[in-house]
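Let me give you the structure first, and then I'll get to my questions.
Just so it is clear, A, B, C and D label the chains in written order, and each chain counts residues from 1 on its own.
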Amino acid sequence: MRTHSVSVLVTALVTGALARPAMVVPAAPAGAAGTISGKVTYTGTPPKMKPIDMAKEPNCVTQHAAAPVLTENVVTGPGNTLRWVVVYVSAGDQGSAPATETVRLDQKGCQYIPHVLVVQPNQPLDIYNNDPHSHNIHPLARVNPEWNRSQPAGAPPIHTKWELPEFIPVKCNVHPWMHGWHMVLTTSHYAVTGEDGAFTLSGLPPGKYTVTAWQEQFGTQSQDVTITGGETKTANFVFKATPY
Amino acid sequence: MNETRAETGVWIGIATISMSFAALTSALVVRQGSASDWQHFQLPPILYVNTLVLLLSSCTLELSRRRVAAGVPDVVLPPQGLHWFQITLALGLLFVVGQLLAWRNLAAQGLFLATNPSSSFFYVFTALHGLHLLGGVAGLTYVLHRLTRTARPGARSALGAASLYWHFMGVLWLYLLSILVIRI
Amino acid sequence: MPDIAAPAAVHRHAPPQGLLRRHVFSLDHKVIGKQYLDLALVAVCTGMVLSWLMRLHLGFPTVPIPGLDKLSPNGAAGGVITPEYYLSLMTMHGTIMVFFVLTTAPFAGFGNYFLPIQVGAEDMAFPRINMTSFWVTLVAFLVLIASFFIHDGPALSGWTAYAPLSAVGKDAGPGQGLGQTLWAISIALFCVAQLLGSLNFITTTLDLRTRGMSLARMPFSTWAWFITAVIGLIAFAVLMPACILLLLDRVAGTSFFIPAGLVISDRLQPHSGGSPLLWQHLFWFFGHPEVYIAILPGFGIISHILPVFTRKPLLGPRVMIGCLIAIAFLSYTVWGHHMFLSGMNPFSATLFSVPTLIITIPATIVTLLWIGTIYGARLRFTTPALFCLGFVSVFVSGGISGFFLAQPSIDTYLHGTYFVVGHFHFVMGVAAMFGIFAGTYFWFPKMFGRMMNETLGKWHFWLTFIGVYCVFMPMHYLGLAGNVRRYSAFTDDYMKPLIPLHRFITIAALFTGAAQLIFLYNLIRSRLRGPKAPDNPWEATTLEWSTASPPPFDNFGGRPPTVSHGPNEYGVPGAAGDYVMQASR
Amino acid sequence: MGKLFAVVLTIITVVSTAIFVLRVWWLPADISAHGPQIDHQLMETMVSSGVLFVLSQLALALFVWKYADRRDGRKVREFPGGATPMVAAAVVLVGAEILALTLVGSKVWAGIYQTPPDPNSLQIDVQAEQFAFYFRYPGPDGRFGAIHPELMNEATENFFGLDPARDTTARDDIVVPTLAIPVGRPILLTLRAKDVNHAFYVPELRIQQDFVPGLVIPLHFTATQPGKYEIVCTQLCGLGHYNMRAYVEVMPQPQFDQWLKDKAAQQ
């Protein structure tokens, strides 16, 4: 079985355990909330980010004529930083408010923007097709019901949501190179590392937390962090990269 | 004489069923050749007992038919004819029970429908034959009901047709058994 | 076969009493025939609406169709048809038309109604089985239609349902989950119904012919139904196990048709060793005889009706029957021509192309016999006559394009293009339909005791005749240009310039479809308020015209006819009214 | 009414035949070595069946025009000679035509599908999947890496499920979505399907072959005209069937070598 799909199963089980935390939101304690921040880097030689050849879809070729799109399974930045890593509180979370604002996923230039999208259970999700040709969204959900729908050019956005926590790989059936992830997390304390590989989890009441970092190719790592007052703790993650 | 309609109907039914099993046999041959994952397995010995039971039931049915034919036409069924007829039905059901035992034997060996292609075809062949045999049992009971209730002339030709179907079930099983022995 | 003495008129079943027994669960072959025809009518309306939706999508892909998103929120959000919904429409259009219209109407519908009367019997050999086969067909139709209303929508693997797309299950895409399972169950049920129906047809033809009705004196339509029943018997007996194996592959995890190592929707499928070509062989062994099941009753109806309106006997009646039998035999040797490029051994392509070309000889003879019958005729242009002439012309057009597809070398280019779509629509979608229209206009007076309106009938003919040529002849040009079939949109550079031709076809299809509403209106109005029909409005000779309209419960009012003449006694010098009835003294 | 039918039928026949004869819509120009034979076979069939089509339609129209019933009580006349001339015409005419078409046709077909490929033809591995074609060149070592279905991962562009870590021959394989071939050189494609049935069809190359899961099907041809042509799928494979397009670029040998080097660099 592929390495990262094993990791998907493991994390799905772990987050599944958190599926039904008491949803009652404890009143914020008197002291200020703490934050955890840090950086995600890698060691070793990461797989080469190959240019994606979109010859099949001329519209996308013209859109990316200037800068060819690279594969996004391992996106490295200056200083061995890793992008698209989801860092979240996997244990010790004292209940998170269910998110209500709508999350937007765009399909532009035959790419999913953002590549990794984090939502909370039952959070409204709108999927737009901004390309002049049709796409076909196929989230390969196992825990949630799987669905597979086409979205012709100019079709109205698909309004959907995910009920159960799961890490769902998403692919476009019409453009095989188009891949993305929908991470359904029960906690509201999460962050996705950007170009600089940095993340900050803020608004954490004092308590003992397990912070987990997930990367689609290299799996997950966890660290325990204890927050006593309003201070900022650092937690860095280093993934071991292999070229293939 | 439209009395032959029942027999003509059964002959056409026989043609249909043989065509279906011919199609399944060709599917078996093609499937066996198309990949190297064909694993032969030992046929449960009870199958041979079942075969004897089925052939015996054909003999008893023939005896019963001769008794009925020898009897005075349109008179209520002579007792021996009825006696042999009921034995035929019992043997038929015994055959079906025997087939189920064969299935349990295979299941005990861990060979289920989807385990490998040879067991798939074994189950499909025996299931379809068993189904058509139960159809034959239903036909025989219907004929028995018509014979015993009102000895209308049509009933005797219906018995002829039903016994023709039953003998075909036996022949079909012999053919299937040979295919199973050779191929699976 | 010696002349069979007419059976003592033993009333095996007395006329039914209750409303339910008379109209719903009836044992009377005439009621069952009408029920089949009504089912086919509903099916053809459904099929035609599906073809409208398909053509609208191909001609004008971005134009939203109002109300469609209500029928299928997933498939056509905002009324714009998505590719998977288009393929579902195509699959259901094909399946409904081939099975529930072209096999049900000419064979089961007219055959059930008229075969017993034409051979002088009072009913089918096994009335209960006959009733069962109708109700199983209806259940099969409902199961098929049900797949429109499930979450994932109907199957999308075409009416041919090639494995592994049809065998893998929901991983293969939308519609391939429950939708494909319902498709397979519906077709398996349909096979059961057709096998029982064929059994009835053959037994009735062999055993229940009245005194004097030897095989040689049977009308051509009876011959056609008899031969179609024999073909159907063998063909559906092969499709039945194929559907069972497909269902087992889908539900029980067996691997009859699914090989090892398939990665579908990023999942390695848990199957191994199956052969997709095995499904194609089993399907097309049924598939090609099926297209003859659709057209042979049409041959029978045209050969039955043409003499009536040319007032002269059919040219070469023995040759005609010989050709029907020859076509029946050859139809089982040609199935490989659907699979020239399917990965089958190329040597067998040459092997299959020879009988495919040979089968054009009996088809040509049949056409020449019809044209020869019109020579020296005294043509009466009633609506059934016009539809017969239309049938001959359209069958010629459809048959000619068969020459191209029969040769593997040309099929290399034309396979999978609109040339094939034009070919089989001309032969099955139009010629067989003209056979059904001719049969309806010809036998309506006998079935309902009322005449259909001739003016409406003629309008219906002219609009449909010209319409079908405008719809299906351009498909041959699309095929030559390489336009691939079963595409829901034409985004390829070399297909984009063909879109204007698709728009023309779409408009023509809408007009031709609208013309069918004239036929529908004529049917309903004539059933209610058509003028009373005499027993023999067309001055025909066969047995159904020597009894009342509509015929009594046991067809001949207790007096089974004695047949003294063949069905072809037209233009007889010295006979009263230039024809001699089959049952005349 | 008879005259109207005859006129309408004649117009339909004339218009349909004219569109065929004038080639308003016609095959694209052929660019393959075996193409002219197929075009010739098509033209021969077009002419012979066109004649058959026009004759029978016009005969039908003529008879319907002449023999409408004018209630003048004239007798019906049988076709001179009865049915035998019909049978004879069908057997002789159509039989001869079939014989000719089969004899020539089978040689054309054999030339493409029954002859073994040219030994020094360029071998390219083609994989069709739900809804794209991918082509694999052996790379400098001239050997293809082994395919592992469980390793197939579109996100990492590992379409053929290669295992470069352990399989050295797979390291230099070049996987691209465009089929580039040198002009004039025989090409041998090995077609394999990843999931369901697909097909490889290039109208200009006059070549078409289905992909069947579980089978590796060889297909060989030689392109004679440089240019960029479209490869489309003609076997229903699911919702993206209409969009499974790829391009075949026929280029002179030096340009092809350069193209291959550039693609190798990107692997």
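We adopt the following convention: a residue touches a chain if its C-beta (ideal position, glycine included) is under 8 Å from a C-beta of that chain, and two chains touch if they have at least 3 such contacts.
Every value quoted in this text rests on a predicted model; they were computed, and no experiment measured them.
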(message) Taking each chain's centre as the mean of its C-alpha atoms, which one lies nearest the mean of all protein C-alpha atoms here?
(response) C
(message) Using the stated contact rule, I'd like to know whether A-D or A-C comes out ahead in C-beta pair count.
(response) A-D
(message) What's the distance between the Cα centroids of subunit A and subunit D, rounded to whole Å?
(response) 45
(message) What's the distance between the Cα centroids of subunit A and subunit C, rounded to whole Å?
(response) 55
(message) Counting only Cα atoms for the centres, state how far subunit C is from subunit D in Å.
(response) 29
(message) Measuring centre to centre with CA averages, how many angstrom lie between subunit A and subunit B?
(response) 62
(message) Residues touching two or more other chains, restricted to subunit C: which are they?
(response) 82-84, 173-174, 259-260, 265-266, 274-275, 277, 489, 491
(request) Could you list which residues of subunit B touch at least two other chains? (result) 34-35
(message) By the touch rule stated above, which residues of subunit D touch at least two different other chains?
(response) 129-130, 150, 153-154, 214, 238-240, 243, 245
(message) Output every touching chain pair, sorted by label.
(response) A-C, A-D, B-C, C-D
(request) Can you check the complex and tell me which residues of subunit A touch subunit D? (result) 1-2, 47, 50-56, 71-73, 133-134, 136, 150, 169, 171, 173-177, 179, 216-217, 242-244
(message) Considering only the defined contacts, which subunit D positions touch subunit A in the complex?
(response) 129-132, 150-151, 153-157, 159, 163-165, 176-178, 238-240, 243-247, 266-267
(request) Spell out the part of subunit D that touches subunit C in their complex, as residue ranges. (result) 1-2, 4-5, 8-9, 12, 16, 19-20, 24-28, 37-38, 41-42, 45-46, 48-50, 52-53, 56-57, 59-60, 63-64, 67-70, 74-79, 82-84, 86-87, 89-91, 93-95, 97-98, 101-102, 105-106, 108-110, 112-114, 129-130, 149-150, 152-154, 161, 194-197, 199, 201, 203, 206-215, 217, 230, 232-243, 245
(request) Provide the residue numbers of subunit C that touch subunit B in the complex, in ascending order. (result) 4-5, 7, 125-126, 195, 198-199, 202-203, 206-208, 233-234, 237-238, 240-242, 244-245, 248, 252-256, 259-260, 272-275, 277-278, 281-282, 285
(message) If we count contacts the way the header does, which residues on subunit C are in touch with subunit A in the complex?
(response) 61-62, 74, 77-78, 80, 82-85, 170, 173-174, 265-267, 489, 491
